[in-house]
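Going by the order they are written in, the chains are A, B, C and D; count residues from 1 in each one.
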Amino acid sequence: MGKFFAILLIIITLVSVYPIVTHMWWMPEVVSAHGPAVDHQLDETMIGSGVLFITSQFVLAGFIWAFGNHKGKIKNWPGGHKPVVAFGIILVGLEILSLSFVGSKVWASMYITKPDPNALHVDVQAEQFAFFFRYAGPDGVFGSIHPDKINDGSGNYFGLDPENDVAARDDIVVGTLTIPVDTPILLTLHSKDMIHNFYVPELRIQQDIVPGIDIPLHFTATKTGKWEIVCTQLCGLGHYSMKAYLQVMSKPEYDDWLKQQSGD
Amino acid sequence: MHDMSAEPAVHHLSPPQGFIRKHVFSLDHKVIGLQYYGLALAAVFIGMVLSWLMRLHLGWASLAIPGLQHLSPNGAPGGVITPEYYLSLMTMHGTIMVFFVLTNAPFAGFGNYFLPIQVGAEDMAFPRFNMMSFWVTFVAFLVLIAAFFVHDGPPISGWTTYATLSSVGGISGPGEAMGQNLWAVSIALFCVGQLLGSLNFIATTLDLRTKGMTLGRMPLSTWAWFITACIGLLAFADLLPATILLILDRTAGTSFFNPAGMVVSDTLLPHSGGSPLLWQHLFWFFGHPEVYIAIIPGFGIVSHILPAFTRKPLLGGMRVMIGCLIAAGFLSYMVWGHHMFVSGMNPFSAILFSVPTLIITIPFTVATLMFLGSIYGANLRFTSASLFCLGFVSVFISGGISGFFLAQPSIDTYLHATYFVVAHFHFVMAVAAIFGIFAATYFWMPKMIGRMMNETLGKLHFWLTFIGVYCIFMPMHYLGIAGNVRRYASFTDDYLVPLIPVHKFITIAALLTGAAQFIFLYNLIHTRWWGPLAPENPWEATSLEWSTTSPPPFDNFGGRHLVVHQGPYEYNAEGAAQDYVMQTDPNFVAHS
Amino acid sequence: MSVTTYTRTEPALRPRPATPIAATKGIPSQTGVWVAVSAIAMSFAALTSALVVRQGSGADWQRFALPRILYLDTAILIASSYTLELARKRFTAYVTAFRAARSTQPAATEPASVEAAALRASGLYWLNITLTLGLFFVAGQVLAWQRLASQGLFLATSPSSSFFYVLTALHGLHLLGGVLGLIYASYRLRHNARNAQTSLGTAAVYWHFVDLLWVYLLMVIAIRM
Amino acid sequence: MRTKFFILLAVFGLASSAMLVTAARPAGGTITGKVTFTGTPPKMKPIDMSKEPYCQKLHNPPIKTQDVEAGPGDTLEDVVVFISAGDQGSSSASTPVRYDQKGCQYIPHVAVMMVDQPLQIYNEDPNAHNIHPLPKVNAEWNKSQPPGAPPIDTKWDKPEFISVKCNIHPWMHGYFVVLKTSHYGVTGADGTFTIKDVPPGKYTLTAWQEHMGTQTQEVTVSGGAATANFTFKAMPY
């Protein structure tokens, strides 16, 4: 029975590792400036913990193979427990040090470093179960938000008050986040109702959108194309269907798009 | 001199009379332990069926499940699960499993039964509190289950019930009206029950140990229950007021968690200035320790059972293991923020929370190494119990490893709220803890019901379950790395559709693994009435529960007052007559 | 500790006598009450931190003048702790007398001397005073609520009033628990039950804690509101 | 006792005969009219359906918001005109009202029905919707309807103007107008409405527009046709 268990463990371990080594299912392409650092961080962690995983499962298997149903005098771990404890602490300690050191640098680059001062500013409004995006328009000023004016039926998703607020009149509100490539973007995330989340796997970004708080989020897309923005924070019955598209265009394309939007 | 002097360590209860006192409102910690175990058993099968329904929906979204429309005409018209009903199932699965299974069985259940016996006491310190603690928990369970039968069904906000989805009432979605109220009341009651239980565990361990039972001679299981009780005392004392505030926000119009200017479905809510993050802080300050409440008894149980089947004490003895468990319990109160890396809290605090989170892996790594080291050179005996112990080590390694990823904010921004997390906590907390429960069941049932369980069925149950859980949860890591978001009722996003075949595979694995659990159920029921009678000490183990009859008499030792002379794990001790020395053995002289 | 970890690292094997070591034991009810107290303290710590966070989270924190009667209540509660100690002193003296009586004639169910009986009587007297003060305190809290309500401050009016009602209500409930504890203790004392004095001691620990807890809460409330 | 019985019988008889009479008379009077507005109405904004590519493709150019549907000559569409007072009371209708979700749009935008009249809600789209009526006096509910799911059968037991919303497609917005009377009309694209089979009498007529509120006027029907025009005041934005 010991040998069977050991073989089973080894098979399970190898089968578990195979899809990861071959990237059978893997992260989608990375299209953000900070993304590669995240991937690198994940790869490092994967190697480190992968080695730990395989060796520990194999050791377990080996011992079960060797000492299953073994009779007679028991053997003790040579050298007692102290070296083992020390080994564990040092091994994990080192992994922790390296990971948290590199990791915090990546994290800092995403969240702690200030956004580019002349980044393109887009306002994000999340609600059950959609995202809407607002551009300041020609005047470069966002109209202020009045929750009491919010009315999806008349397309006023942000609660603008064009009647009394001049800045609001030329604001552009769309359902697709359209941005120029290689340009620093600064999002301000608002939520109308529940806690939502702004997740774009390709950008390696995930950020909750909390009602009552305006959360800034900055990134730079490095590739043109169309990807999905999905919600990862449980927000109600339509959570699974809450999404929008991220359209990254070349600079000229983007300018045309913007003109055309402020046209009508 | 007796009447006014301090009360002795053991109190003299008279044997209970009548069915009600014996089996229903019993003060006997053994009966209460079995009641907790029974409640957990009912809960775990309900929870499992819920997970089946969820998995079926994830694999085949438009599949009509015959008969389901009768259980919930609104949630499953024509037997097809609606997105909101999927979320209801998910919420109830999580709540039932975390609270009524992973907390009830290894801690309240086995702890109630064996903690007093292992310290040589006749009962818990406060038998009436003990009885209350179970019945309050029982009512809590009924209240929770009642949510299935209210108008628009159980809540849909998940077992973490994040504000504001959970705190604004029915307008935020189906199940958020009465269903969510029932949830909150149930959890509040559950907290009360657990607080009473923890009180008992601590007082009993400190004050009712028999002569010679020093702290150093307490079995590791008792140590684990004691540490868990200390954690639970603080954790549930934090969740209880949080739940009260939630109930007030929902029913009394207060604004603890509800911010100003919320517009839900074009309706402007009157709340002002509350903080949704406040709920998350209060919840996770309980929630992370809760994870340890589920797993630390598992560690205690495995470190108690493994020596009996390796026939040698744990590597590092008791000191290392106890140190690891205390360290883990202590650290568990400093890491709650790692559940909130992307929640919008201060990014600096994310780094602050990340470090203790990584550090907390050290005690668990050491503990695992101790397990591995004790298998080396052992006389490893294969029984259902020992197999589940070895399985515990394997799945805990698998689950623990993935913690390295999630503990790092930078990687968590990608993996947070994906199936990677689901895989992680199911391996490390759910499956590991369940393996601990199974090991304890096969190990202790002979003592608890006086009959031996069927080993062949037990081993079959192990092999199927062990292979099964890897088939279910290992692929979830791959899904997570591919960016598959959790808590989705179905996968309609363009980048998720290609992953559905993996979900189908997981669903099939889950159905088969779940089916294998009925072998266990059959084995348990068959043993209860028709199993062969169990001897006093079937496993040649050493601790006090094996120095009394199976099952023990109502006062545990038939009026004897055991005196403890040995540590709990004197296996293959030099100069001993046989390969184990009972704790009560006065003749053996240990060397140190 | 006789944990044997069969390592060859230590050469000398010193035999240790296997005489049992008596486990140190306290009184369960005493341990229990301290455990309970720590749990309750944890709950109110959680509520306090919630209060601090909540005050910072929104601009809607409405300060209001505390009803004067709260300070009177505080005085009452502190007094009750004092009277409880008076009661306990008398019972301790009574028990010693009782023990003495027992040592002379083991059959005795009552202490011989009249003084002892007097001690017991006044002990019960002070206990009842304590109970009355406790109930006065609760009544006072209710008055304070009415005062606030008359100012138009209700549970949902402002986060400050919400916390005021929640904290005072939860504290009031715990205090009523203490009242029950004292009633139970005095019942047992009347009937000379086993360890009646222990139950009084336990109830006293709890009572003083609830007293302290109130002083703490009053400080929090006074500073924040 | 006996007298009571006879009174009851009499009342019942009268009522039923009255109903027979109303049913028997094929065409009473009809009320027709036109609903217009003055002032600049809010701009009808094009709806961005890019969240749901299927629906986006269906509508090219994109449809516009329907809270105010101004037609040529400042006419208003989807205004409900009904007899709010003076009606003899009419038996509740039993023919179900059909409400469609098609191309991420509610069709019709405003559905008028009587109290307790069956209402059937269909999902004609290949994607899921959720129907979330937001009543104040009736009971609120919120159900999702996956593609191919059976229609939702329901009814309303109190008269109310109920705003309906799909949270999955927040731009989807419509109205259930629940009335006590069977005498109502809804203005078409040309802003005209017709209320048929109105027995002769003096009535109060109410016109309701979801954005501009209600207006009432007295109208007398004597056999033939009566006209009643309404003019709303439009606020810009």
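What we mean here is this: a contact is a pair of C-beta atoms (placed from the backbone, for glycine too) under 8 Å apart; a residue touches a chain by one contact, two chains touch by 3 or more.
The structure displayed is predicted, hence computed values, not measured ones.
The innermost chain, defined by the distance from its C-alpha mean to the mean of all protein C-alpha atoms, is B.
Between A-B and B-D, more contacting C-beta pairs join the chains of A-B.
Centroids built from CA atoms put chain B at 30 Å from chain A.
Note: centroid distance chain B to chain D, computed from Cα atoms, is 55 Å. One simple way to say how far apart two chains are is to compare their mean CA positions; for chain A and chain C this gives 50 Å.
Spacing of chain C relative to chain D, judged by their CA centroids, is 65 angstrom. In chain D, the positions touching at least two other chains are 127-128, 130, 142, 144, 163, 165, 167, 173. Contacts with at least two other chains are made by residues 5-6, 57-58 of chain C.
Chain contacts: chain A has residues 74, 76-77, 81, 127-128, 151-153, 212, 236-238, 241, 243 touching two or more partner chains. Across the complex, chain A meets chain B through its residues 1-2, 5, 8-9, 12, 15-16, 19-20, 24-28, 37-38, 41-42, 45-46, 48-49, 52-53, 56-57, 59-60, 63-64, 67-72, 74-77, 81, 84-85, 87-89, 91-93, 95-96, 99-100, 103-104, 106-108, 110-112, 127-128, 147-148, 150-153, 159, 192-195, 197, 199, 201, 204-213, 215, 227-228, 230-241, 243. Listed in rising order, the residues of chain B touching chain A in the complex are 82-84, 87, 156-158, 162-165, 168, 172-174, 259-266, 268, 273-277, 310-312, 315-317, 320, 342-344, 347-348, 350-351, 354-355, 358-359, 361-362, 365-366, 368-370, 372-382, 387, 390, 393-394, 397-398, 401-402, 404-405, 407-411, 413-414, 416-418, 459, 463, 466-467, 470, 474, 477-479, 481-483, 485-495, 499, 502, 572. Across the complex, chain D is touched by residues 127-132, 151-155, 157, 161-163, 173-176, 236-238, 241-245, 264 of chain A.
For chain B in complex with chain C, the touching residues are 1-7, 9, 125-126, 195, 198-199, 202-204, 206-217, 233-234, 236-238, 240-242, 244-245, 248, 252-256, 259-260, 272-275, 277-278, 281-282, 285, 312-313, 315-319, 563-567, 569-570, 572-574, 586-592. Remark: chain C residues 1-6, 13-23, 25-29, 31-32, 35-36, 38-40, 42-44, 46-47, 49-50, 53-54, 57-61, 95, 98-99, 102, 155-156, 159, 162, 166, 170, 192-198 touch chain B in the complex.
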